[in-house]
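Should a chain be cited, it is by its letter among A, B, C and D, assigned in written order, with residues numbered from 1 in that chain.
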Amino acid sequence: MKINAIAVGGTIDKIYFDAKSKYEVGEPAVRKMLVDLPIHLDVEITPLMAKDSLEMTDADRADIVRAVESSSSDKILVTHGTDTMPETARALAAVEGKTVVLTGALAPAIFKDSDAQFNVGGALAVLQSKESGVYIVMNGQVFDALNVRKDRALNRFLSLD
Amino acid sequence: MKINAIAVGGTIDKIYFDAKSKYEVGEPAVRKMLVDLPIHLDVEITPLMAKDSLEMTDADRADIVRAVESSSSDKILVTHGTDTMPETARALAAVEGKTVVLTGALAPAIFKDSDAQFNVGGALAVLQSKESGVYIVMNGQVFDALNVRKDRALNRFLSLD
Amino acid sequence: MKINAIAVGGTIDKIYFDAKSKYEVGEPAVRKMLVDLPIHLDVEITPLMAKDSLEMTDADRADIVRAVESSSSDKILVTHGTDTMPETARALAAVEGKTVVLTGALAPAIFKDSDAQFNVGGALAVLQSKESGVYIVMNGQVFDALNVRKDRALNRFLSLD
Amino acid sequence: MKINAIAVGGTIDKIYFDAKSKYEVGEPAVRKMLVDLPIHLDVEITPLMAKDSLEMTDADRADIVRAVESSSSDKILVTHGTDTMPETARALAAVEGKTVVLTGALAPAIFKDSDAQFNVGGALAVLQSKESGVYIVMNGQVFDALNVRKDRALNRFLSLD
């Protein structure tokens, strides 16, 4: 079973450029996890875009849906910024016959206290546990694509119901 | 949905006592994760025993099975040493009506490069994704309790088939 | 011997605000080190300003000189942005009867691979080893205030000679 | 100025062997720091022995003194177990014409919360700040070789006076 990890940007992949004192989206954090951790999975990484999720447009979401649909894999991990992750999950909800899991991080993967490894661990496990469907894994929880929102004031994901 | 996390020891919980230059099983690593990471789950931690898994006896396994069966929760995380985790999974395979996921770590949770957070993230996600059954989450993979072994030379988990 | 740690900002103290996807100067990183590490020193922390060193003006430097001169301590640590650290060191070079050590970090203290602890360890040791004078500790080296520059292309500190 | 880093073992270099659930002295931690951190120093590493400091004998101390005396460098870093570091410092106190700094760590360098980088940063700075003499850098403090003890109950270093 090959997993396709599509990186579209977001906090999880943020790095810091000292020269400019600025924070930018870097390499997919999942790539480094596959090196640093004792993971034995066949994962192909696709760096699709490198965007803050607040800057993501409908055209970007259409590109993500297309990438998921056209992927040769039916197990797709999408690493994504947190702010509009539920919107992208909804855009992906129509995809059929695949398991798609979106995750990201509230703190960049390069931070000492990042939730990135924990979240990606959860997302990869859901990909192997669910036959099909679209899910978000954040805050230790597994959400259905159509039943999740991010509360930006609380900085956490919640069910709609 | 309340999750019961039963800690029985193993590498994941190992700490180091400088005075004795020895490595011993300490507090459940999951407890610190619930503090350090933005996890929003109702988890009750039960420190059942604190053993290297190589030292675990049949009586210990019977105690673990009893603790799982008598738990008021039907979603049980078991953090466990890696060497005999498959044996304990098999002992638990007869438990009915509950989802039980065993995980641990190849490097202690207090190590910079530990797989503990990644593994526990995966285990918690499987608890929420599977109706029932007994599973091991290690190396990024989700194994059925009756189809997994640890290859100690390779220091990784593999399917039997 | 009391040490006065004056924080003026810079990469070492940078944190990340998820809500705004922006990187800003936060609490003095030295404060957290005094909690996290087994340090037994009498250190008083003075958060003087919170600036990227590229935005630091002559007026800011005059404020720093004044803070150093008026400090009740004669052992002063200054945590500072790296880009103009040598300029501030030169501004401080006229201070008499005190040992002043400037340091900072090329990667924020909250990053897994930050040089912050290593650098501050060096700076605190120089404070205790030199009778008086102004020094920069970066890249594992101890530089005299009047014999140091930052090569921004190489992202490292070098002696002038 | 070349620095010679002589590693003799101790907690700083401890690693963990999962297979045996045991903790052993591994590679000199300083070697990895020179790779991981932006250090620009000419350091030659000499792995002399790999001992818990409680197991160190007078013969071992004589070997360390000989290695320091015969080193082509006159700036010597000794990474050492903490329990008998003061004894070795005293054995080295007779060395003339060199600066010798001993350090180590209360938690192994591979631990998330290790003081290893902080301590080695301090030790390297003292090597560059003192003309000659033998020093211990621990707990953020710089101790004279003849005026330091480790209080094992408090797990910290103290001056004799």
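Just so it is clear, a contact is a pair of C-beta atoms (placed from the backbone, for glycine too) under 8 Å apart; a residue touches a chain by one contact, two chains touch by 3 or more.
A quick note: this is a predicted structure, and the numbers were derived from the prediction, not measured.
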item: Chain hops separating chain D from chain A, counting only touching neighbours; value: 2
item: C-alpha-based rotation, chain A on chain B, 0 to 180 degrees, nearest 5; value: 180
item: Chain located farthest away, centre of chain B as origin (C-alpha); value: C
item: Distance between chain centroids, defined by C-alpha means - chain C, chain D (Å); value: 26
item: Interchain centroid distance [CA atoms averaged], chain A/chain C, Å; value: 37
item: Separation of chain B from chain C, taking each centre as the mean of its C-alpha atoms, in whole Å; value: 44
item: Multi-partner residues of chain D (at least 2 other chains); value: 106, 112-113, 155
item: Touch list for chain B against partner chain A, complex; value: 33, 36-41, 106, 113, 115, 117-126, 128-130, 137, 139-142, 155-157
item: In the complex, chain D residues that touch chain B; value: 11, 14, 16, 18-19, 21-23, 52, 54, 81-82, 106-108, 110-113, 152, 155
